[in-house]
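Chain IDs A, B and C follow the sequence of writing; residue 1 opens each chain.
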Amino acid sequence: MTMSFANGLAALRPRIDAPVAAFLSSCVRCGLCAEACLFHTETGDPKYAPIMKLEPLRRLWSQEFTVMGRLGRALGLSKPMSDEDFARWEELVYDSCTLCGRCSLACPVGNDLTLMIRKLREGMVAAGHSPEGLRKAAHRALTDISPVGVGAQSARKLIAAQSREVGIPIEIDKHGADWLVLISSMEYIAFPEMLGALARLFKAAGQTWTIASDAYEATNVGVQIGSCDVARAIVARTVDAAHRLGVKGVVTPECGHAYQALRWEGPNLMGQAFDFEVIHLIDLLDRWRAEGRLKTKGKSGLRLTYHDPCQTSRRGGLDPQARRLLNLVAEDFVETSDPGPWNWCCGGGGGVSANPRARDLRFKVFAAKKRQLEAVRPDAVVTTCSNCRNVLEESLEHWGMELPVLSLTELVAEYLDEVPS
Amino acid sequence: MSDSPGLATLLRHHGIGRRDFLTFCAGLASALALPPVLAPKLAHALEAARRPSVIWLSFQECTGCTESLTRADQPSLEQIILSMVSLDYHHTLQAASGAAAEAARRQAMADNHGRYLVMADGSIPLGDPGYCTIGGMSSADLLAQTVAGAAAVIAVGSCAAFGGLAAAEPNPTGAVPISRLVTGKPVVNIPGCPPLPLAMTGVIAHFLAFGRLPELDSLGRPRVFYGETIHDRCPRRAFYDQGLFAKSFDDEGARQGWCLFQLGCKGPTTRNACATVKWNGGTSFPIGSGHPCLGCSQPSFWDAGGFYRPLSRPAGLGPGMAAAAVAAGAALGAVAASKRPSERQPVTLDDLETKS
Amino acid sequence: MSLLLWAKGPGFALAAVLFLLGTAMRLAEILRLGRGTDLARPRGAAGGQALRTVFSRFLPAPGLFARSPVVHAGGYVFHIGLLVVVIGYGPHLAVLGIGGRGLPAGLIDGVTLLTMAAMTALLAARLRDPVKRLISGPGDYGAWGLVFLPLATGFLLVNRVLLPFEPLLALHLLSVEVMLALLPFTKLVHAFTFVLARGYAGAIAGRKGAHS
């Protein structure tokens, strides 16, 4: 057992860099981060103020990396940190933060609080204070590839079934394909039609793709629980597969954290730049649209709105891409309030949806999204993250709302102009 | 105290008529903030007063204070003051010299023990007595010997009152004000470089007429002359309030007679009556002539941060000191924030096994 | 030595040394930690967005003004008011060695009162709002005092209230010196570090082509 308080501090220390110090030096305790956080706005509980969630990180930084903090500690003026601090903060750091990044965008002094929560989780997990649900998921991801237990055989069967459904072959481990495509956990277990949609889209675009038998899963629980060790092991699989199959690039699916994990954390976790491109599916589809590779016919007559996934829109900048694609196939597209960078989270990101303990809280804070949707009264809500999609469906059901949740990729595939054979 | 005729007789002897004397008394009553009805009483009291013996001691000084006093205006104030008192010893003014002068001093002290006034100008060199000796005596000894039998001591000028120029940094003589060395006797400070003649005569007249010294402030100055600041009564005050300042001695503001605060005027922190009494027979005073007040009647005015530097502007920091502070701070911060080796154990599968 | 002379001489020097030393120290603490090289291929320009974010965060976040009107309105009035008073008042310009006549005294008086009113509202909000009360410590209330005192003594000085000119000028200078000396060691240091914080946030998001 390597988890201990000391190990937690040891894992957290190297995460403290110049940006963290600049952020923590600049905080004026204005409290505006709380007003941007759905966990505070929907519960009214002051403990959910994002800056409060960072207290263990702030104290470690202050006590060990500042002149005054070190002086204060030497003089016994500040309370030394203890395991108890980590234990008490576990709920705040995991259950009540989806890493949605809204507070980071709202902070008047520019503090990226979300980045700091992500860093703090490194210390929390190393100290042994991470939620059981996430630990189980991480364990499964390391032993069975899929954090939700979709084994290689099951995946293969699901892929074959979808291939038959759309009448287009989906080749596994195809060497020399243009793209290695990752599929998210939720798509295997809840939205397998995504596989068929992908087959049709890639065929229409005239690009070859494949799924790797040993890296068929996009979800990176390591990034969610906040362990660079787990995250690296998961990224390594994809990197190895990309090299083994000699693909030009890797496509991350409709999933926010998977994109952040592979595209942005991936090379840094591996310690070297990738020699292949990593692109989010929506970014790729929009590129094809711009290149004229995506020909659609007709449009949906439904009144559609878009749920911006935090990691692709706010923290990914892919909100214009999504809207361009949506306008390709939607006749009556209506924006909710706070669209794009200022979207409200579904409540289940950042590992919260994999943390059963946080379920009631997640449903409660969905009220923010609910209000937005009720204000525009759409026929369906479209999104580009399978985790959002699943959380939206669950939460809408919880609140007794009848509202279909659609995948943008599937929607675009639906309106593809005659797939050439 | 000489058994000499009254002041009125002496004045007439000096060619000063009663009319002039009454005019002087009215002005003096006003300056002493006495009700106008008291002016005749003041005149009467002064006329009837017996002239006290005055011993004037000069230490580290420039004789400017004596100049100020003897160049006084009004109906020959010089004569009035010299008529009011029996000036028995004064380096500059007395005819006697050497041993005869010192003998006169000792005679006056013996004759008027407990009743004579000591007026002193200049500071006392405590650090090195050799800087100022009189008749072979150190300044401090001369002072101590002379004030022993005095009724009161009047420290004339900023040097006597506060140390003045000699006490300015680095104070090579170890100069101290008169009040530092006098105990058990009332000391009146009449600071100024030089002080207003009226302030000197006023204090003496008050002593003569009422037998006691006027009310003093915490620095031993008579409140009637030092109760207000130059700024309080400054004719340019309105410009200060409007924010209209001369920025140089030759700009439009200076020509328009705007406030001299930013040219270093010490009016706001200087307590004196120059703005109302004025100088040279009420002709003008420095600010009236376009020059900022130097604050010459304030303690340590030589070291008050520069005559032409605005009152509110701090002295500043040398570039060397500033650079040293920045370098020290940067080094301190860099050391505190330097990364130290921190052994981390990676998270293992075992760690992820469910535990309570 | 009078209080005023002390404030203008040794007091100012001490404050200036502490201010320079502390500010250099705090900036060194930050910069010394450095940043690892980001190995991910950029998708946007970090530098441009860093610069943009330094300025864009002066604007309120959408929807937040309505949720927190006192913090926003009070914050703007206080910060702008402070700036106007510090660099708009004639005698301040003279002290700072900048030319110019400065703004009319009446305007400065009004802005000072407005600034103090805004600060009072912000303090009240801090004491009343559960979030702000929870996240506030002695340092937050202390920093409030450090900024409020120079404003208050300055107002009294200009209007010659309570005390004569000299002690008020001394108190005003001293209050400014105490604020300067402690600025680097309190949250007031954000006056410098906010540029770094916003810049880093902008650079991190800019590299991803994300929002900041």
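To be clear about the criterion, a residue touches a chain if its C-beta (ideal position, glycine included) is under 8 Å from a C-beta of that chain, and two chains touch if they have at least 3 such contacts.
Only a predicted model underlies this, so the values are computations on that prediction, with no experimental measurement involved.
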Chain centre (avg CA) closest to assembly CA average -> C
Identify the chain pair with more contacting C-beta pairs: B-C or A-C.
-> A-C
What's the chain with its C-alpha centre farthest out from chain B?
-> A
Chain A and chain B have mean C-alpha positions lying a whole-number Å distance apart equal to 79
Geometric centre distance via CA averages, chain C-chain B, whole Å | 42
Can you check how far apart chain A and chain C are, centre to centre, with Cα atoms defining each centre and the answer in Å?
-> 37
Mind pulling the residue numbers of chain A that touch at least two other chains?
-> 21, 65-67
What residues in chain C touch two or more of the other chains?
-> 25-26, 29-30, 32-33
Could you check chain B for residues that touch two or more other chains and list them?
-> 332-333, 336-337, 339
Touching chain B in the complex, chain A uses residues 1-3, 7, 9-11, 13-14, 21, 65-67, 69-70, 125-126, 128, 132, 135-136, 138-139, 142-143, 227, 229-230
Contact set on chain B toward chain A in their complex | 332-333, 336-337, 339-340, 342-355
Listed in rising order, the residues of chain B that touch chain C in the complex are 229, 231, 241-243, 245, 247, 261-262, 268-269, 299-300, 303-305, 310-317, 321-322, 325-334, 336-339
Can you name the residues of chain A that touch chain C in the complex?
-> 16-23, 25-32, 34-36, 40-41, 46-47, 49, 51-52, 65-68, 104-112, 115, 263-268, 270-274, 277, 313-317, 337-338, 340-342
Touching residues on chain C, where the partner in the complex is chain A = 25-26, 29-36, 38-41, 43-44, 53-54, 57, 61-64, 67-68, 71, 75, 126, 129-137, 140, 185, 187, 189-190, 193-194, 196-202, 204-205, 208-212
